[in-house]
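In the two complexes that follow, chain A is the common piece, with chain B as its partner first and chain C second.
For the complex of A and B:
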């Protein structure tokens, strides 16, 4: 849950003060480079438990090796595939349940408390149970990712549909719209921005849950499994490589999705101005 | 959400139906006991664990780590967020690294931290501290940066010192978002701790569940699920009550 909608760089740099933006940006590089050099120096002097630090040369070797062998790509593809499946399944289930809870008071009252009880348990806390039930294969992993994607979507769909302007719905009723058309063209459209926020959260949660499950199950392929294998083998270069790619992919997913949403919701800006 | 809905009977229907289905399924032997332990055996595991003091010891071990790590992470996070908010220079140097590291979920750092700190107590406390650091740092930063320029101008006109500005203006103005950040940090810290304990620990609620899994004690695993859910809920809910009390009368 460490990355979120308001991705960072936009916050900095925008208030460059007296310094030129370029100089400002260079300052941001000082600390990472200093840390890398310190890291490299510690590795050369064999500080720590021997395998805690690796030299930059070792890291780049590991990187080149993982790319050349295709392992890195295979692991990334495996993880992204899980996230995609989890998002589709969790998305459909989440939007369906959120809609049912928002539109029917009975469903809300019967399923709501159950939903909120289950929500209290951290997603990864289900792993020992699912491991017992379904073993260590692909299915329990997909189940966890689906669950992670589903829950934020239930909440945002519910909130979105509940907060539709009543006036809009009444206009629809006056026009004696078919309930289905009313739902599809009025309610769902009004709830779309909120649901898209939910999708954005679902994307982040699914990625985190996917990495988490792969690490905790420690089996199969995937970028999390790669990190966990690296840890068991005491191979810091592999672990670091995995961590860097987890961050890069998280950033890429969030950025791509934000671009997509901004494009999809352009109609809203003009409507608000009117 | 504003609609009042108080109908405890109907609210219980779903939970009771699930419990009944669970009980019936185990009664009829739809699943073997190792696959689905009956509700009463989960209850027995709870009573047994509570009676022997074992469950209490696990919970205390986890909460102790949570307290130490959270205190450290929240304090450092608040200081960091404050420094970033007050000094553009500090922000210029640190924000790049800050936001880059933020992209990586805490769980992905766990194996790396194991390599650096080993599997002892330090590692778990660092995980908790990392998980709570970010929400608090961000909340303090955005809370203080979000203060309207008008107020800052008034403070400048009165030539308030930095200490006075902090106490009279920034603290009260940033309190609501900071409290939300502190609450978010606490719940993330709990999630991260459970994950860390599932991976490596010799005591703690996550370790209890992992042992239960290895010994095929489904009752213990299920009991653990209920316990981590309850603790998470109590932490979050308790903090919400505190939040409401502290911000009472504030329009923000």
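For the complex of A and C:
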């Protein structure tokens, strides 16, 4: 976004077609469309291996079918619901733990080592264990998404609060702010850019963990489950449809959140301010 | 003494602001070694008086302000405001730092308003106080600007409004115009003079600009460093304020002479120190 804002006016003379920011942004669609066309071309050439390659026509048929039956929407809603619950739970837990570790040396010393060891295990590495403990229902899925969202937030909250400028805290003391006012209005606000970066990561990790869990568990509904079912049934169009929507939704979530972040951090003197 | 104009008269007690600094010494521990920063500082400041403290970098003058504001109470001796020992920060005392130290995530109005967080006033009264003090420093119209959108001089004005909104008995200025260009600095000095006619608070200003101190202060306190001691206290008469008068030039040369008259090694050390701070 910052790139288009900076480059826009400078390019308007030589590339009249891309003069407006909106048109400029459409440039990002060129590559995906080219890839799809390439895919379609390959699929038509190797008709014999239609099992692995589907044409765009087959894909759009599958899309229309999934829309008509309501399956696609139900799967998307199920996945988004998991991510939302995981983000809220993981967000609250992560920010709370990160805050506790940043503000209390004792908590940092007691919890820190365990936290950093657990952190080394990839989220999806917990699936076999959680499966044995809790089965393959909704709860372990939510647990994994929550964990995925929580860990980046613990780190970013910790770092953000640890790096609050001493000058800002001193002003708070000069104004005799109560400890909780100092925390809410000074420390947390100063740490906000870092924490929001953590939320951004949490969003991405939670989405990946959600889809991954759904695929690996192979049960219930969700985009991941849809992909898994497509694979088991040898239905390439469904698999591809799922993959496309995983990407599209991730892109939409990231874009929406970035806008929210830019608005929250408009007090910062950064290049992103257009 | 004309009391600071307020709509509600929030201070019931008469505005005083007598500062008494007695035998104040302060040392830092650096690599296990004791480093004296201030030694046996004695200074009495009358209510509504304006005292300018001048000295080279590292002479402990900013440290003295930190003790008066109450950010640091690990020192020997005592500092009293109207007889009360200063042990921590209080809304009786306001401070303006060299870097404006506005919270970057709050607008000008919010930055001034946050200083009223501890005051049991209604929202309406607070809003009025905020608006009045922003107007007082000439920032009306910039209430919703963020600090990074302001020039250095404007940010410093906002910081002054934040320090004044609680009608402190003592206003401390820690090289408040040190980071500003010459023109802005002159303008703000005039504004501080105008401000003095409207407020009754005691002002202590630390500066390395001797002319600034003479122009604004009733008395100029000369400090020298390592450890910081007061070497002279120079009263400034009415004629001394006029920058074009011979009296002003005499005072300036006198104080500059005092500041330069230190052992050559110490002077060089101070210069190095100043360079390091800037570099």
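Basically, the second predicted complex is superposed on the first by the 219 of 274 C-alpha atoms of A that agree within 3 Å, B and C clash if a C-alpha of one lies under 4 Å from a C-alpha of the other, contacts with A are read in each partner's own complex, and residues count from 1 in each chain.
One rule holds for everything that comes next: contacts are C-beta pairs under 8 Å (C-beta built on N, C-alpha and C of every residue); 3 or more make two chains touch, one makes a residue touch a chain.
Since the model is a prediction, treat every value here as computed from it, not as a measurement.
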Which superposed partner A:43 touches (first chain B, second chain C, both, neither): neither
Touching partner for A:195 - first (chain B), second (chain C), both, neither: neither
Contacts of A:185 with chain B and chain C, given as first, second, both or neither: second
More chain A residues in contact [chain B versus chain C]: B
A:175 touches, of chain B and chain C: first, second, both or neither? second
Touching partner for A:167 - first (chain B), second (chain C), both, neither: second
Touched partner set for A:266, first chain B, second chain C, both or neither: second
Touched partner set for A:66, first chain B, second chain C, both or neither: neither
Which superposed partner A:112 touches (first chain B, second chain C, both, neither): first
Shared contact residues on chain A - chain B and chain C: none
Of all residues in chain B, those that touch chain A in their complex: 1, 5, 7, 10-15, 17-18, 34-35, 88-89, 91-112, 114-116, 118, 131, 134, 141, 188, 190-191, 194-195, 198-199, 206, 209-210, 212-213, 216, 218, 221-222, 224-225, 228-230, 232-233
Residue ranges of chain A touching chain B (in the complex, touch as defined): 1-3, 7-9, 11-12, 15, 17, 19, 24-25, 27-32, 35, 48-49, 51-52, 105-106, 108-114, 117-118, 120-129, 131-133, 159, 162, 207-208, 211-212, 215-216, 224, 227-228, 230-231, 234, 236, 239-240, 242-243, 246-248, 250-251
Touching residues (chain side chain A, partner chain C) in the complex: 167-168, 170-171, 173-178, 181, 185-186, 189-190, 192, 266-269
Chain A contact footprint on chain C (complex, rising order): 69, 71, 89-91, 94-95, 97, 99, 101, 103-106, 114-115, 117-118, 146-149
